[in-house]
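Below is one structure, written out as structure tokens, with a few remarks after it.
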Amino acid sequence: MTHGTESTRVHPAPAGALCDAFRQVRSWTEHLAAPLSAEDQVIQSMPDVSPCKWHRAHVTWFFETFVLKPHVPGYREYHPDFAFLFNSYYVSLGDRHRRPERGLVSRPSAAEVGAYRAWVDEAMVRLMSDADDALLATIEPLVVLGLHHEQQHQELMLMDIKHVFWSNPLRPAYRDETPPVAVPDEVQTEAWLTFDGGRFMIGSDIGSGSFRFGEFAYDNEGPRHEVLLGDFRLATMPVTNADYLAFIADGGYRTPALWLSDGWDRACAEDWQAPLYWEQRDGQWWHMTLHGMQPVDPRAPVCHVSFYEAQAFALWAGHRLPTEAEWERVAAEVPVSGNFVASGALRPVPPAAEADAPAALFGDVWEWTASPYTPYPGYRAPAGAVGEYNGKFMINQMVMRGGACVTPQSHMRSSYRNFFYPHMRWQFGGIRLAADA
Amino acid sequence: MTHGTESTRVHPAPAGALCDAFRQVRSWTEHLAAPLSAEDQVIQSMPDVSPCKWHRAHVTWFFETFVLKPHVPGYREYHPDFAFLFNSYYVSLGDRHRRPERGLVSRPSAAEVGAYRAWVDEAMVRLMSDADDALLATIEPLVVLGLHHEQQHQELMLMDIKHVFWSNPLRPAYRDETPPVAVPDEVQTEAWLTFDGGRFMIGSDIGSGSFRFGEFAYDNEGPRHEVLLGDFRLATMPVTNADYLAFIADGGYRTPALWLSDGWDRACAEDWQAPLYWEQRDGQWWHMTLHGMQPVDPRAPVCHVSFYEAQAFALWAGHRLPTEAEWERVAAEVPVSGNFVASGALRPVPPAAEADAPAALFGDVWEWTASPYTPYPGYRAPAGAVGEYNGKFMINQMVMRGGACVTPQSHMRSSYRNFFYPHMRWQFGGIRLAADA
Amino acid sequence: MTHGTESTRVHPAPAGALCDAFRQVRSWTEHLAAPLSAEDQVIQSMPDVSPCKWHRAHVTWFFETFVLKPHVPGYREYHPDFAFLFNSYYVSLGDRHRRPERGLVSRPSAAEVGAYRAWVDEAMVRLMSDADDALLATIEPLVVLGLHHEQQHQELMLMDIKHVFWSNPLRPAYRDETPPVAVPDEVQTEAWLTFDGGRFMIGSDIGSGSFRFGEFAYDNEGPRHEVLLGDFRLATMPVTNADYLAFIADGGYRTPALWLSDGWDRACAEDWQAPLYWEQRDGQWWHMTLHGMQPVDPRAPVCHVSFYEAQAFALWAGHRLPTEAEWERVAAEVPVSGNFVASGALRPVPPAAEADAPAALFGDVWEWTASPYTPYPGYRAPAGAVGEYNGKFMINQMVMRGGACVTPQSHMRSSYRNFFYPHMRWQFGGIRLAADA
Amino acid sequence: MTHGTESTRVHPAPAGALCDAFRQVRSWTEHLAAPLSAEDQVIQSMPDVSPCKWHRAHVTWFFETFVLKPHVPGYREYHPDFAFLFNSYYVSLGDRHRRPERGLVSRPSAAEVGAYRAWVDEAMVRLMSDADDALLATIEPLVVLGLHHEQQHQELMLMDIKHVFWSNPLRPAYRDETPPVAVPDEVQTEAWLTFDGGRFMIGSDIGSGSFRFGEFAYDNEGPRHEVLLGDFRLATMPVTNADYLAFIADGGYRTPALWLSDGWDRACAEDWQAPLYWEQRDGQWWHMTLHGMQPVDPRAPVCHVSFYEAQAFALWAGHRLPTEAEWERVAAEVPVSGNFVASGALRPVPPAAEADAPAALFGDVWEWTASPYTPYPGYRAPAGAVGEYNGKFMINQMVMRGGACVTPQSHMRSSYRNFFYPHMRWQFGGIRLAADA
């Protein structure tokens, strides 16, 4: 897999291929929302969470605002107030509804949001189908960006509905049926892979040019640039629930010396005793999943831990977290496959160990890195509203890598930089250990 | 209208009459909920507000808990978790769902709450129909209490949905059609009625005995007792929007000397410039109503003011608020009629002035009194969970009297004591002036 | 003791008597501050507390502002910024330093505040000594008001320094020597006195006229007016620590049914387990006093309880709190004597029981009444800044009566109305029970 | 200046030299406290600020705890409670007084803290003077660490007292006399220096070994390691007030596109319009200094800006902030001299431009870098309480470099890593621009 070295593009994707990608991503959103009632879609259980209905409308507003309005002559907005309601954080696009109040909006209804989606879908497909090559070359990057944007929100929809259902004392399940999980004969947790240091290229330049759906990168993944690494080791497997239970049993949550100072303050203030969504029933650990409350599987990767917990665990284990450069240097040589959303598991599953290769590097859980989310050397945010996408968040957050069991596989790549505040736990975040060689 | 002097009851109401009252009150709740979608019914726009669905279920839980469980042998609860979800504040009945989290519960759905209501209704009607006189005598007070409790929540449903819709930037209307309002030829605002002082009986003793639906009083209305009043005057009319606009124009919201200290702090902290729900558009005052945004009618009684605003207005006007004893001494001689919920206006309307009689003493707006909500002499809260109904709130609140345009007429009487914290504004609260004679 | 019936005054007090009262009150303030270092005088341990230095300056500013500036031609302020720093809450007198920031002011120093006091004292004495009768008649009410104001702050100084020292982990003592306390042979706690009901006059009209130092009342004590009381009983003694320990032992702090709802919320939020300043050491209750940590004396009146605790205790004991009218009807016939600040005890002491008379009605502890602090019938706040003294606080607070062990005796009278929010505990507040006869 | 390559140490410093350094640092602390009254020393104007008296005692506690107690047989603590009061954040050393309550402690007095200092000083000097070589080798690293620790608190004392005095409406001056400042003929603000990229060593290994006072580094400065830099440019001069005024005038504080999202939220919430301590009087900018309120000097480096402001300014100027590696690569070749605390200026002064060399790289203002404060590769926190010194703060903060006008010169070196949260402004923080070459 090569990145960004050839950013020259001769001609746009055929309109048909773009339409297909568009229809596929858009219909997957509706597929994910299908198990939810109108009432489920209106709840905002904490400020970080958005109602499902809002996600469905916001990604639609993105296409309407950045593609349809500028490129369809005489385009009529579906509703004049939707720009106010469904703009997320694009300050340059005018006033927005306050984020913590997204859950106060019973109307438009989920059904009307569905109609809004259909209206925009029809206009989009007509635009793409009728476009000549020049227009197609202009809109393709925006469409592709919009589709990746929608894929991000697909993951957020699942993260958010999990939190919504956990906030309900009845603990309803998002899906009732639990698909069978293939469990490996043996889970090998203490194996390590060793990598030589040196000078390596990381990142991607695709984000700065035009792109096809399958050849996309965000601006924050570039510029591709050289890094200097020492020799290091990376754990073959992510940290499992069994590993993490040992940390809990050893007093990990009661030992301040293991914790960063800010993390200890947060853990005390919120009385952390275990990962988010865990609770003890009759001495047994259970956790909330998208299939309802389930016993914690000791062989599965631990999930819903904050950076603070990941760092404390790593220190307790005598190791450390990998930097994002170390992670990418390894991941660039590994195929992007694993337990993604299409598996239907919707939770991390025990990974199959392989000889001489990292297991579950992609999928299952986002892996916390030791790297703060900062711009790569030479990074410049693009001009205009699209420039607000990533750059302005480059402070106070930590990079996560690899995607999770709620991520669409086609959304993932080795250079992908996800980012969360170190105290956050509602994303599907886990741990992979590293060490100096 | 006489109060409490004859509390002896020979025999219970005929079961049929009780069933009729039950069916009437219960169906009115559903009538009020009918314009609302399932999504409308799940929103909690501030901690004081409860979702409409919660109201519909909570009043049902009341009958299930206090009537069906103790009196129907082998009664099976509709759902084992509903007692947790729909108990409001009865500490003695076990754990409750935290009040500010009522808006996080998408399930049970509004439809399932409807099924719950039907289940309980059927059991209630069967119980009442089959009851012998002894059982009827036992359950009648509980049924009647439950019906008055449900009427209180009918008013809360309207107060709350108004706040919910106001919290939505689209400002939807609860009902689209605005019924025509009969406007009097002339509104006379500066007339006063004079009353002699002396010793008067106020309050009601009904609450301490058994009762019929039409002869009910809450425990907090008793004991009936003697009070000593000086000569006083009472304004014929409630304060109108025109009066209140003069207060605003004269700098009422910018003159600390008019305000109680706590009120001034609150007004500054929340930047009060007008009653709740008011906003200026192009120099004109509009306000949110249950029929959507409407221009402020200068002839209608001012509404949605706090006690602090009422007190500041009265001081500005050179008068004062009446005590609850003064108010009741006048109201006891006035028929309980006015602009109640059944009129469909759902907002205060310009009252018709009458010679020598107070106008709109009942209905339109709850009238703030100068009286803190404290127990009457000799008051004792009843034993058991029902005893938590009123007594434990007798601190830090002020008494309001007379009912409003969202109150059921059969719920009102001259001894009725409503109570709110002095900063609260989402109830339909207005002002009537008093003065020493 | 007669009240307010003869408000006509023929001639002012002799200047000498006024000067004597002035010197006496002013020097007592400095006497109280004498044990405190400059550092002790700068601390504000919570927003309700003011630094001792601030009290000493604020009461001085009162004389400078209301007496010297208007009545001494060419008077030069001691410092142009002091009006900003030492105005407490007189909105009409211009901007003030924010109350919670009083503890941030190291300069002016305590010594400079002493110089400010001396400057004002000298000007005041000169003014009073040189005044002719007309001027004396004009300034006497202001001087007397200022002296009573200063006496209030003398009590606040002791309340506040107690809290300051309690906030210091070293728990220093305000005074080291503990004066011997005469202990009665027997403490009789369960005796009651019975009073007939009827129509009674309460309150004082002195506040509305001119006054001498010994014949003073605040505006909030008037107008004197008639009240209607039922027959009632009043406990001979205030509730003792032994009584209160029984309440604690019986689970008083864990029984929500005893508490007002707001009180229970507060008790839970702040984890109340005992009165303020109490702590358990090796199974024994100790409490902070102005003489440092001391064992709790079971025979002494309980102190530092909130209204919420007083009300819960009364309900637990099967009785109630007296109304302020009941309290005053009894107190008007009792001499104003007891354990006041001059005794040097600085804490409640076991009262001597007397036959057929209430013990410790004055002094020891302020007694919570069941009465919200509201204006008496016909009350009007005086015009101007002095009118901000009392009236604007007539909401959300409860009346306390009788004075405490930190109150100057000459400051107390049977009509005196003190007031605190029901959650407050740092004042010397205790309990006396009442019951219907 | 070489770093860490020769960490072998043959013999300790002569005791005399260590004693001299000890006396010098300790007496400088008292020199800095000398202008402050006892009352000045007790104030804590915000949680980040500590009272001066606390600083003086805390640094003394450090020597008592880490040197005297372990190494003086039979050493008697000065006061048994001081360990509780004056431990800052060493969790492993037991309970501590809560940080936000440091301002509540009037006792021990400033004078008693002085006696505590004298007691510890005497014991320290005796210990060092009497020590044989073995003991000296053991204690020297602790003494040296303690002295550098005290130097940090010397800077904090000045930062904190500035905030304390600014919180006083009278705005007192720490020192009255303003020393004359030599102003260069011409201030050249737009000059740049260009540096080639490549592989460079940064950091220091001294921190991991033993050390003399003049050869010290903290653990967080190591391990010394190789970094890879691109070609870059660095501004010759720090950003001046004139530059910053242009940013303000151009709407810098009103342009969200210039700001990181978290920074914009903070700026809005706290209504930032200019650096901390600035205020406009009659259209002219003044700012609080340690010499009281002064007009802003356009030629001096801007100071008291947060990272957020620094980043917004850099983006507005079309450049960026340097990384800490770039900064150190330049600074390692520059002598450590500049406007440090000993100059007495106590504020940034207009720097003299030099040809081909960076001006004011050391002293004047700490320079924000673009680097989050994270561990260097291979960093391990030392074991024990000393290990809590730096490592546990390596999250959510940004690195600042170079020292300021309140820093002791002997405390500074090119590898020194200071760190603050990006919103903090009370430290003497400024801006130097960088750019890609």
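Read from first to last, the chains carry the letters A, B, C and D; within each, the first residue is number 1.
FYI, a contact is a pair of C-beta atoms (placed from the backbone, for glycine too) under 8 Å apart; a residue touches a chain by one contact, two chains touch by 3 or more.
Nothing here was measured: the structure is a model prediction, and the numbers come from that model.
Set against the C-alpha centre of subunit A, every other chain centre is closer than that of C. Because subunit A and subunit D share one sequence, their contact can be compared position by position; here over half of the interface residue numbers appear on both sides. Chain geometry summary: the mean Cα position of subunit C and that of subunit D are 48 Å apart. Mean C-alpha position of subunit A lies 39 Å from that of subunit D. Averaged C-alpha coordinates put the centre of subunit A at 61 Å from the centre of subunit C. With touch defined as above, subunit D holds no residue shared between interfaces to two or more other chains. Every residue of subunit B that touches subunit A in the complex is listed here, in rising order: 37-43, 45, 81, 84-85, 97, 101, 103-110, 164, 167-170, 172. Across the interface of their complex, subunit A is touched by residues 89, 91-92, 199, 226-228, 230, 256-257, 259-264, 307-308, 311, 370-372, 374-375, 377-378, 387-388, 392-396, 422, 436 of subunit D.
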